[in-house]
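Going in written order, the chains are labelled A, B, C and D, and every chain counts its residues from 1.
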Amino acid sequence: MAILVNNKTKAIVQGITGTQGSFHTKLMLEYGTKIVAGVTPGKGGQEVHGVPVYDTVKEALSEHDANASIIFVPAPFAKDAVLEGINAGLELIVVITEHIPIKDTIQMVEVAKRNNVNIVGPNTPGVITPGECKLGIMPGHIFKRGPIGIISRSGTLTYEIASNLTKAGFGQSTCLGIGGDPIIGINFVEALEMFANDHETKAVVLIGEIGGDAEEKAAEYIRKEFNKPVTAFIAGKTAPPGKRMGHAGAIISGRTGTAQSKVKALKDAGVHVVDRPREISEKLKEILS
Amino acid sequence: MAILVNNKTKAIVQGITGTQGSFHTKLMLEYGTKIVAGVTPGKGGQEVHGVPVYDTVKEALSEHDANASIIFVPAPFAKDAVLEGINAGLELIVVITEHIPIKDTIQMVEVAKRNNVNIVGPNTPGVITPGECKLGIMPGHIFKRGPIGIISRSGTLTYEIASNLTKAGFGQSTCLGIGGDPIIGINFVEALEMFANDHETKAVVLIGEIGGDAEEKAAEYIRKEFNKPVTAFIAGKTAPPGKRMGHAGAIISGRTGTAQSKVKALKDAGVHVVDRPREISEKLKEILS
Amino acid sequence: MRLYEYQAKNIFREYQIPVPEGQIAETPEKAVEIAKSMSRPVAVKAQVLVGGRGKAGGIRFANIPEKVAEIASQLLGSKIKGVEVRKVLVEEKLEIERELYLGITVDRSARKYVAIASSRGGVDIEEVAEEHPEEIIKHYIDPLLGFHSFEAREMVKKMGLRGRDLILAADILNKLWKIVEDYDAELVEINPLVKTRDGKIIAADARLIIDDNALFRHSEFKEVLKSEKRELNERELKASERGLAYVELEGDIGIIGNGAGLVMATLDMVSLYGGKPANFLDVGGGADPERMEAALEIVLSNPRVKVVFINILGGITRCDWMAKGIIEAREKIKTRVPLVVRMVGTLEEEGKKILEEAGIDVLDSMEEAAKRAVEISKQLAGS
Amino acid sequence: MRLYEYQAKNIFREYQIPVPEGQIAETPEKAVEIAKSMSRPVAVKAQVLVGGRGKAGGIRFANIPEKVAEIASQLLGSKIKGVEVRKVLVEEKLEIERELYLGITVDRSARKYVAIASSRGGVDIEEVAEEHPEEIIKHYIDPLLGFHSFEAREMVKKMGLRGRDLILAADILNKLWKIVEDYDAELVEINPLVKTRDGKIIAADARLIIDDNALFRHSEFKEVLKSEKRELNERELKASERGLAYVELEGDIGIIGNGAGLVMATLDMVSLYGGKPANFLDVGGGADPERMEAALEIVLSNPRVKVVFINILGGITRCDWMAKGIIEAREKIKTRVPLVVRMVGTLEEEGKKILEEAGIDVLDSMEEAAKRAVEISKQLAGS
C-alpha cells in the first residue's frame, strides 16, 4: 500500500533541464523512480540522463503514460507549470520550488482542488515510498520500508528523524514532506486521512514547526477521528516571536502559532510529543511493542 | 405555461432608487408584476412606490421571498449587481443596463452559467409573459396572451412587431428580448429550446439583426431539432459594413454577420423570413390556419 | 475605439513586445528626418483605420531618404479607401524569413475571449480560416482563470515553432492577453508577426480595438478620443457630443428613429421601396424633446437630405415629447424639407395632435411611411 | 517586507483611500514646519515596524507647533520596543466619532485570503477575536473570482454601517483588496478606520506587508528595500547580501545548519541543554564551500559568540564541501572560537576526514553535539 506514490507511479519532471531538475532526475532514476519524460519549454527534443524532453506537458503525455509530475521550475513560473500539469490531467504534482508568491500558490492550490489533483508542496523535499518511488530531493538511502508514516513541514529535520528511525529498525511506509510555505497543497489533516486508510501504516510521525495552526488542526482531527498512534516533534520552541526563521512558514505572530500551543494541542489529543528528535524511535518502541 | 416568467415570479429591483429603476418599478407594479423588494446600497430603509428598499440583495431576500431580479444599475456597477444576485441564489436576472464592458459581461455570464442562473441581456428590454409578469421596460399594453413566442435582439422593433401581432389577433406566450450586446446570457438557441418545451407556444417569431452569428446558429438548431414553425425578420440589410449601428452588437465586419448570410441560413432551415415587419402576421396566418 | 497602428505599437512597447524601430510623421520633412536618423531601408506606412491598407498602396518601402520624401508626400493627404491619411509611420524595413499571425478577440457564440494563432501570417486571416482551417489554432480563454503561459506555448507549439522561437512567440501571445485585460481590448492582433532573417520575432503590424463601453475606466485614452473626434465631420461631431448614435450614408432620405433595431429596419424599408437613406440616427430610449430637436438639426444640416423620415415607436419614449422636439427644431431651423412622421405608442394621440396642428401628417404604418418618404424624395429629385 | 505607516499611506493615497493630511519628518525642525503649514492640532507618530506603538508612547498629540518640536525631539532617536525611531509622521489630529477595523490577510488553513471587518477598531484585533468573536466579520475570498464590491458591502452592513458610511467603508474595503492583488500583499490593515465627527471615513493607521517572494514583480519597492537594509546591522546586512537566512539572538552559542527546520531544532536542543543560541543561520539546501565560509564568517563576527555549533545533515548538501568551507573560513578569520561540528549524510566520511585532519572533532548525534556546545560555552563563561 503506502500513500501517494508507489511502483505504479510514472512521473514527468517539469524543469528537467535546469541544474536542480537534471541533478535530481538522475538521483530519482537511480532510486528506481519511473521518470518517463521531462518538460522544459523551448528545449523539446533534447535528452536528460536518457529521459526525452518536451516543450509542453501535453506533448509529453501524448508520447508517454504518466500520472504524476515533479516541478523544479523557478518560482516566477511555478504556478504556470502546476496549472499546465493539472490541465494535462495529472493526478499528483510535487512542487519542489521554493519562494513562490503566496498569491500564486493560493490560486494553483484552488485549481488543483477543483480538479481533484493532489499537490505536494510547494517548498517541499517531496514524497518517498521506500523501495518503490522517490518523487523528491531527499537522500534515498536513509529510508527503509516499514510501518511508519512520516508527515513533515521540514526538509533536513525530516532526514534527521527518518535516518534515526531507519537506524532504530523502524522502516517507513511513506515519508511525505508537506512543504514549508504558509499555503500548501496536502496538509497534515489530509495526509493523516491518507495514512488512516493505509493498512501498511501502523503509526505516524508528525514533524511540525512554529507558525500557522496546521498542527493544532491536526491535533483536533487526531482527537476526533484518527486511531493510529502518533508521535510528534515540534521545532522552533526557542524562536523569538515576530522573526522569520528561514521558511516562509516559520514565523510566529502574536500568541498564535507558538510551539507551546502546538505541543499542548497535540498532547491533549493523545499524541506523544517528544523534546528531542532521537526520542521518536524510543517512543515508537514503547508504542509498537 | 410560457417561459422564464409567470405569475409565480417574485422579483426584486436592483437599482430601484434611480430614475429608470423607480419609473419602471411603477410600470411593472401597474402591470401586475410581483415586485417584492428593491436594492440600492446606502439607501436601505427607504421605499419606492411602496416597495421596501434594502442595502444588499441578501438582506432583501432574508425579508422577502424572491426568485428573480431586474437590474437598472449603471454600467460600471452592473457586473457586481449580477454577481450579487447570483450569489444570493436568484434563478433569473434580467439586465436592462446598456453599455456594460464586454469583459464584465463575459465574466458575469460565465458565473451565471456555472450556477445555473438564467441571465436575460444585458441591454435588453426584458421579458414579458402577457397577463402574468412583465420583467422589463416594454410598454405592457401592446402585448396580449396567445400562442406566439417572440425572441428578439432589438427593443422598439420588437414592440413594432408585437404590436402588429396583437392587432392581427396573434397573442404571445412570452416575448423575450435577448439583448443587443455582443455577449449576452440566454441566446436564440437557448430561448428556442425553452419554447420547444413550452406547450402553449405554437409558433415562434425571431427578430434578428446584423452582426455576430447568433441567427446562423439559431438556423442550424432549427434545422436539426426545432419542430415548431418559425417566422423571422432581420434588420440591417442596408447597413454598410464596418459601421456601428447603435447597438454594440449591430456591426458587420468583413463577410460574416451580414443580413444576407442570416436570411439565407434561416431560409435554408425552413424559416419563413419576411422583408417587412408587418408581413410577419400575414405569414403566421398562413402557417397557423 | 480603434487605435492607429502607431498607437497600438506604443502600447506594445510598454509590454516589451518587440516592434520595429520607427516614428510617426505628419509631414514629408519629418518623415525624411526619421529615415535619416535610422540610416537604413525603411517602410512608410499610412496611418488609417481601414483593413487592406497594404493592397491599397498604403505601405511602401524606400532604401534612401529621398525616396521617403516622395512616398510621404504622396501618402499624406491622399485617401485610402475613402479615408484621408494624416500621418505616416516610418519604420525600419524588416528582413522577413517567416510571417505568422497572433490575435485575441471576442467570440460571441462561445461568450469568451478567443486566442488565435496561425503559421500563415501576412494575409487576411479570414481567408486562411476559410481555405486552410487546419492552419488556424484557436483557444477559448476561461473567463475566470484567464489565459496562461502554458496555453500560449501549446498554441505556438501547434504553429510549428520550436526552441527560442517558441519561447518568444508564446511570450508575445501572453502579453497580448495582458493588453486585453489591462486595456479592455475587443481585439488585439499582430498580422504579420515576423521572424526576421537574424532570428528576431517582431510585431510588424499592430491592431487594437478598445471596448467603447469600458472607456470610463481608461482615462489614458482621453487624448486619443479627442484626436478621433477631430476626424469627424461637423454632424458626426455634434451627434457624438449629444450622445446620439449617428452614421452618415450616401443617400438623400434623412432617418430618425428610436432604438437601433427599429432604425435599421426603417433604413431597410426605405431601401426596399427604392429610396436611399442619408443616415442612421437613433435618439435612444426615453428621449426628451431636446434630444429629438438636436437629432433633427443634425439630420437637416446634411445638404443632401431632401426629406426626413421620423419613425417613433413610443414605449418608454413619449410621443408628445417627440412631437414637441420636431416642432421646435423646425421652427428654429426654418426648414422647408418635408417631414414624414410615423408615430405610434405611448401618448400617441397627444403627439399626433401636436404635429397635425403644425400641419405635419402622421402615419401609423412604418411600411406606408417609408413608401411615402421614398415617393417624396423621388419627386424632389425629379423636380 | 513590512512597510512603514507613511509608506502604506502613500499607497492608500494612490487608491484614493482617505488618509489624514500629513507628512514625514526626520528632524524636529521639519516636524514643526509641517505642523505650522497645517495650522491645526496634530498627531506625531513614531515610524517603527512594531505593534503596540500607541501604548508604548509612540503616538502623541500637540495643539501648538512648539509642542510638536518637543514631542518630535523626544521621539526621534528614541527606542520603541527596542527599535530606533528615525522618522515621525506629523498628521492632522482626527475628531473621532467611531473607530472601526478593516483588513485583509492570508488564512493558512482555508488556503485563501480572508477579509476581516469589525466595529471594534482601535484595539488589538486578536483580543477582539477572543473576547468578542461575534464582532469579527470574516469573508473568505474566492481565489478565482476575487473579492467583489457586493461582498464588501455585505460585510460592512454586518458591522452596522448604513447610508453613506456603508458606501464609503465598503469602497475602502474593496480598495484594500485591489492593493492586495496589485502589490502581492500578505496583510493590509486599517486599525482604526475612523469615522470623524464631520462624517468622513478616514484610515487613521495603515499596515501593509508585502510578500517577500513576490518582490521580483514589484520593482517599485527597490528603494524601500534599500532603506530597510540600512536598518540592518553589519552581520544581518552581509547575510542578506549572501542570501543566507540569519536572525540574531541574545545568546553566546553560534548556530549554523542546513534547512530551517533542522536549524530551529538545533536551537531548541541547545536551549534544552541550558545553552543560549546567539543566532539562527540556515545555509540552505545544496550549499557550496563559499556559502559555508560566509556563514561562519558572519557568525564569528558577532563578538558575543563563544562557541559555534555547526549541524549539517547531508542530503543534497555535500558534507565534504561544508567541511572545506569550515576550514577555509577558519584559516581566513584565524579564530580561536571552538567549533562543534555534527555532520552526517552525503559524503559524510570525506567531510569528517577533512575536519579531523584540521583537528576538529565531529559528532554523529545532534543531541550529543548540542550538549557538547553548551558545555563549552559554560566553561568559557566560567573562565
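Going forward, contacts are C-beta pairs under 8 Å (C-beta built on N, C-alpha and C of every residue); 3 or more make two chains touch, one makes a residue touch a chain.
This one's a predicted model, so the numbers in the text were calculated from it and none came from an experiment.
Starting from the defined contact criterion, work out which chains touch subunit B and subunit C both, please.
Under the touch definition, subunit B and subunit C have D as mutual neighbours.
Write down the chain pair with more C-beta contact pairs when A-D is set against A-C.
A-D
So how far apart, in whole Å, are subunit A and subunit D when each is placed at the average of its C-alpha atoms?
Computed from C-alpha means, the inter-chain centre distance equals 27 Å.
Round to the nearest whole Å and give the separation of the Cα centres of subunit C and subunit D.
Here subunit C and subunit D have centroids separated by 53 Å.
Go ahead and note the Å separation of the Cα centroids belonging to subunit A and subunit C.
That pair's centroid distance is 55 Å.
Would you pick out the residues of subunit A that each touch at least 2 other chains?
Touching at least two other chains: 111.
Residues of subunit C that touch two or more other chains: which are they?
144-145
Work through the pairs of chains, note which ones touch, and then classify the graph as line, ring, star, complete or other.
other
Once the touch criterion is applied, which pairs of chains come out as touching?
A-C, A-D, B-C, B-D, C-D
Name, in rising order, each residue of subunit C that touches subunit A in their complex.
Residues 145, 148-151, 153-154, 157, 162-164, 166-167, 170.
Sort out for me which residues of subunit B touch subunit C in the complex.
Against subunit C, subunit B makes touches at 20, 23-24, 75-76, 99-103, 106-107, 109-111, 125, 137-139, 142, 152-160, 163, 180, 182-184, 187, 207, 209-210, 212-214, 217, 233, 235-240, 242-250, 254-256, 259, 275-278.
Which stretch or stretches of subunit C touch subunit D in the complex?
Touch list, subunit C to subunit D: 144-145.
Looking at the complex, which residues from subunit B come into contact with subunit D?
Those in contact with subunit D are residues 41-45, 55-59, 77, 80-81, 83-84, 87, 111.
Can you list the subunit C residues touching subunit B in their complex?
50-51, 106, 108-109, 111-113, 126, 143-144, 181, 184, 186, 211-214, 216-217, 245, 247, 249, 257-265, 267-272, 277, 280, 282, 285-286, 313-317, 344-346, 365-367
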